[in-house]
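The two complexes that follow have subunit A in common; it is paired with subunit B in the first and with subunit C in the second.
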Partner chain A sequence: MHSLEKFMLRLSEKRTRTLLYQGLLIAFILMFFYIACVNVNNNLAAAGIHIDYGFLFSESGFDVNESLIEYSSESSYIRALFVGFLNTILLSFVCIVGATLLGVAFGVLRASQNWLGSSISFLYIELMRNLPKLLILLTLYILSINSLPHVREAYQFFGVFHLSNRALYFPTLIWQEHMITVFLTCVAALIVVYIYRRYVNHFKDKTGQDLPFLWPSFLFVGFVFFLVSMILGVNYSFDFPALQGFNFAGGGEVSVQFFVLAFTLSIYHGGQIAELVRGGIQSISKGQEEAARAIGLSYLQTMRLVVLPQALRVIIPPIGNQYLNITKNTSIGLAVGFSDLVSVMNTSINQTFRPIELMSVSTLIYLAICLVVSVLINAYNNHTRLEKA
Partner chain B sequence: MKSTAKLFAVATALTITASQVQAGAVMDDVKANDEVICLVNPNSPGFSVPDSQGVFQGFNTEFCRMTAAAILGDADKASIRGIGFSDSMKTIVAQKAHMASRSITRTGTRDANPGMSFVVTTFYDGQGFMVPKKLGVKNASELSGATVCAEEGSTTLLNIADWFTDNDMQYKVENINDKSARMQAFFSGKCDVLASDLTALASDRQLAKTPSDYVLLPNIISNEPLTLVARPDTAFETAIFWSFQVMLNAERLGVTSENIDQVVADLDNQPKAVQRLLGSDSAAGEMATALGLVDDWSYQIIKQVGNYGEVYDKHLGSQTALDITRDGTFNALVSNGGLLYPHPIR
Partner chain C sequence: MKTETDNINNELMPRTTGVVHNMVKLARNTRRWIYFRLFRTPIDILITCIISALLLQFLPKVLAWLTWNSVAFWGDPNLCTEEGACWPFLREKIRLILFGTYPFSEQWRPALACLLLVGLVGLSFTQLLRLRSTVIVWTIGSVAFFVLMSGGSLGLVEVDSIQWNGLPVLLMLSIFSVIGAFPIGILLALGRFQKEDPVLRSIAVGYIEIVRGVPMVMVLFMGLFILPLMLPESMNLNSLYTTLIVLVFFHAAYFAEEIRGGLQALPKGQYEAAKSQGLTYWQSMRFIILPQALKCSMPGNMNTLLGAYKDTSLVVILGIHDIMATAKMAYSEPQWQQYGVEAYLLVALWYFCTCLCLSTYSRKLETTESKAAK
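Up next is the complex of A and B:
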């Protein structure tokens, strides 16, 4: 056979053709990106725009509303972005916890036989699924800043917490040396408690008897705390917020927009997660539940010990998707003045006219956050998966 | 092959095409098309807002009409188009419009762009503060520790930061992107102060339930000379600059759109300056020939558009909802302590 004929014959094999097509596709994609990159680069150079990240270390000149670290208008752009990054992380974490709790509660309620519970849950889920989150956010924001009192007439709780339409003000601990020693000792005490917990479980497995756990643990940790504090002579004093001029001074504060954002994203994504939880529960054979009830487990026990652990396998992958969405959706915070990563990035772009550099940095940061969330979810997914799926 | 062509098309579309900059010929283009394409803000109460017929009305639109009256003899030949801020400058540079009258601040870096020319400042704005009257604050120096609301991402943020740092005062910023959220935050007392350009504050005040409950503080913390922008062309720029001077001179000389016909009918008995402004064989007439304007361009501007004071009163003055004080501010004539200096037409 001639080599050409051989080649044609090869080509008629399905495997060869598939490989060929895939190879071509990859080549096209690579070429596309190559051409796009070269073109963008050439045109930017022609327009006199040079990519340079050096400006990130110069003074930003603007202030942000809230920051977990020291920041002023004299700090650098990179520090401003870091402030935004931390705010995004904090908000995402709070929302993920909130949405999960709401989602599981309403999901279980939705799948239950209780007509009222199921209907309320249905109403909640449909409301959240059919409203745009920005609308929910703006409505709740405008409602809360109008119904909460002005800072001068702030609500007072126990004489130390103050709530106004600006923020919740709370006392903060005044840091003293040796506190870190006390803290580390308490951590060590908690590790001891953890070891004791394992022993309690082990003991129950062996003998079927419960050992006291909760009160001895509390007593032990409390005792360690007081003892070490006394030996080292640590005083615990607090910085109380007090009204001074236009605002509260001293103590710490959490802004109203943070609460509103955390609440909005929690109820919004809680509604989506509830649907996933309901789907997961209903994918478990009815026999499992009936069997559990037959051996005398209560409804909640059936859920916690039998149904949910099995449903988790179905629920985890799509919930991971929700967590990624929550992380990305925190960027709607800029509408109501929360200094998240996108808000800080926008301001920086307007000051420097360096959108390419700033957007690429923000993209990388978001990608990094989301990849970390993904890795955690996948690890948990592998943990809950059946050995042989 | 087909898909390669597609890929190339998409790749090309992704890139930014740098436009060529040419000087001159703008005046010819205006005359050839018999219209002045003029860009304004699509929604800025008092400055440019579309009326019920969709025609833009407002202070800024009058300078589009002024230019059309001077070059084409008919103010209605101004084709006024609403466009966003950064797009307006791009449109001028891309030669898709002749001029922009949309409150663009003249800054050094913008003027350095060869694709557009800043011609003449029509309004001196500046960033200021608005506070509720019941706060009892009379001066921004009393604002130490206050919470300030400002638009997210704007240069306002920079100016506030500079000002409070320079004055060694503490403050807290609420940079809110959504306008209704921002206004609500201010009206509900979540912020003590709203910071923005004075003109913006004047129109924002109208959104309050009782606008008189709020006052503007006298402090102006930044300079915003709002300036007419033209496509670079010496003749065109000169025409715009002197048309604006005609409006200033007319105000100083007391010539209005109402009385101009009487003034012209009795021109010989008018002061020399008025004769030079309106006579056909005078300075104005000479300029018309040299610049290629309609013969009675100064008459047409005043008749169809009015003098500067008339235009100001009509759109921004005390008879309007905006009620932006003019006396004693930068926007008064030099003779009244302002910055508007009528150049001599002779």
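Up next is the complex of A and C:
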């Protein structure tokens, strides 16, 4: 009796109760997972499958229509997933750059005095905010498939670019042995330019005078490039695409799917970013702009030197969120048959029926991408933030 | 604002009266407006020129395609050309786009069901009803929706959910997923926000971050492939309901983050005051904290809601036939293959109008609330 009373007394303490709840919660979660695992095991066993990641290294047997690295149907599943991962990264990168450019341009235009520009960007922002991205994607896709010419009648640009309803064909540089040396020297030259830039800034802080920066650095990098190319005897020649039979041979190609996807996601997220940029600009007090104009800065200078740097602090966190969304939204490429990570995963699942393994791998990859992107954004955010006094 | 040129103009202007004076004034104002809003700086001139050049290039073509080169809605579909839109196509196919393969003679049922859902949403937006009656009305409404759609009782023919297509599917998935996700989002936010229970907290954090770190398409695939595996063999979920469940749990993570923002924005005094009144945790949440936090996070929640509604279209990738998939069905017949854009324009019109209503409503909510705060 005595111990039961003691127990009841302790139960009435808050800490004990919290501990009890936690224990119950853990037990509940464990039970949930246990039941789920048992069910998964039973269901898979009924289909004659056991969870095993070894198959990732066996031959995939399917083709991927777009790949940055060498890939054939004899390659392994893990390589297929890697191809999808690279495609996702490339597409995200292109879209992030495109959406940022569009977003800043239309956001500034929306906040400007210019009636025509302001109304056009208003229309653009409202359209993008009120339409689903998949709808824009599919509409643009069938538009381009229907209205672009067949391969044999492809549009020509400057005689070297060809655009058909299958792909854009472009010339590529023919790789030579010493190019990597030239490339590395140019990188070294750029580092020298960067150091010079810091010196220019330092000089300006100290004396208030401008040193020439743009043309000497261009001249310097160009000079280094030519000199090293001459010394190593590298000549630059291109592989031009040419019509052979039913398709183009030589050069490189970007599929229409990639094109439309990149365009869609850029304009879609450009609209969202434009709204953020507009909000950021309008949150800066009008006095800042007027003061800048009063000391004789032009409109563009006012924007570049006074308003945008201040607006940047307000808009970086939400824009970072948009970048994460872009990275995730590249997965709608599946709807037009672009081989991104989700698409490759889906094909593999349909072939092997191993959803658990493939999905866990792809989820980890996505989480890693998102983690990297958010770390980068946070680093940039900390870099631009005002130091607290 | 009065500038120097104004004064000069006034002096030079002959003293006129009446209509002439007004017209002169109008002309001057127009000129001033054109100057200030279009041509003030070189940059302005450049922007104006570029935009007008682009508009002159493309606008006539688009307008021609939409109107005078097109075949009118009541016209003959055989006259359609590539030069203009083919609106008779929509006349022929509008029922397919709206209701898909639902039995033709029974299509009044999905129409009524859609009206019911739209009406319910509109009714909730007017905020005439209190919480309890809203819940009751919605419960009755949802039961009526499912009875109407699936039939099998009240003398209605039974229709399998595989045949549910188009608009009702879109409305059902988006509305019910948001309704389900919001309470779960509140619970997740509370779980993440408190400090007493680290286990609950880490579970909430892990759940929210994982779901938010993975694309929606991927989560939908998880529902399609993994959820059936996790259930005992005897249980068979149909893909429409699987998708609904997945959407509920997906959007819950996003709502949770918005609501957590609201919880964080509340001053600490509110929590302490609630505690010092002797309220229990649930009482203080129910009466003090959540009403304020939800109000605070309303703009963000409306944004999430809008995003959720737009993203419902992604279920097409899974093979659920929402309005976008039925649009594709409509133009995939050989004789209509040229007219996909028209079908998508109809869908776009629907989305644009509904989303505009939602965003206008949320903006209005924001302004009334900020006024109330003053």
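In the analysis below, the second predicted complex is superposed on the first by the 327 of 389 C-alpha atoms of A that agree within 3 Å, B and C clash if a C-alpha of one lies under 4 Å from a C-alpha of the other, contacts with A are read in each partner's own complex, and residues count from 1 in each chain.
Methods note: a residue touches a chain if its C-beta (ideal position, glycine included) is under 8 Å from a C-beta of that chain, and two chains touch if they have at least 3 such contacts.
Just so it is clear, the model here is predicted, and its values are computed rather than measured.
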Subunit A residues touched - subunit C or subunit B, whichever exceeds: C
Touched partner set for A:I356, first subunit B, second subunit C, both or neither: second
Which superposed partner A:S283 touches (first subunit B, second subunit C, both, neither): neither
Which superposed partner A:Q156 touches (first subunit B, second subunit C, both, neither): neither
Touched partner set for A:R166, first subunit B, second subunit C, both or neither: first
Touched partner set for A:T16, first subunit B, second subunit C, both or neither: neither
Touching partner for A:N378 - first (subunit B), second (subunit C), both, neither: neither
Touched partner set for A:N201, first subunit B, second subunit C, both or neither: neither
Which of subunit B and subunit C A:Q301 touches, first, second, both or neither: neither
Partner chain(s) touched by A:I142 [first = subunit B, second = subunit C, both, neither]: both
Footprint overlap on subunit A, where subunit B in one structure and subunit C in the other make contact: 36, 39-40, 42-44, 46, 138, 142, 146, 334-335, 346, 349
Subunit A-facing residues of subunit C, complex: 36-38, 40-41, 43-44, 47-48, 51-52, 196-200, 203, 210, 213-218, 221-222, 225-226, 228-233, 306, 310-314, 316-317, 324, 328, 338, 340-341, 344-345, 347-348, 351-352, 355-356, 359
Residue ranges of subunit A touching subunit C (in the complex, touch as defined): 18, 21-22, 25-26, 29, 36, 39-40, 42-44, 46, 109, 112-117, 120, 126-127, 129-135, 138-139, 142-143, 146, 298-300, 328-332, 334-335, 342, 345-346, 349, 355-356, 359, 362-363, 366-367, 370-371
Parts of subunit B lying in touch with subunit A, wherever the complex brings them together: 3-4, 7-8, 10-12, 14-18, 143-147, 149, 152-155, 157-158, 160-162, 165, 171-178, 180-182, 184-185, 188-190, 192
Touch list for subunit A against partner subunit B, complex: 28, 31-32, 35-36, 39-40, 42-44, 46-47, 61-65, 73-74, 138, 141-142, 145-146, 150-151, 165-166, 244-247, 249, 256, 334-337, 339, 343, 346-347, 349-351
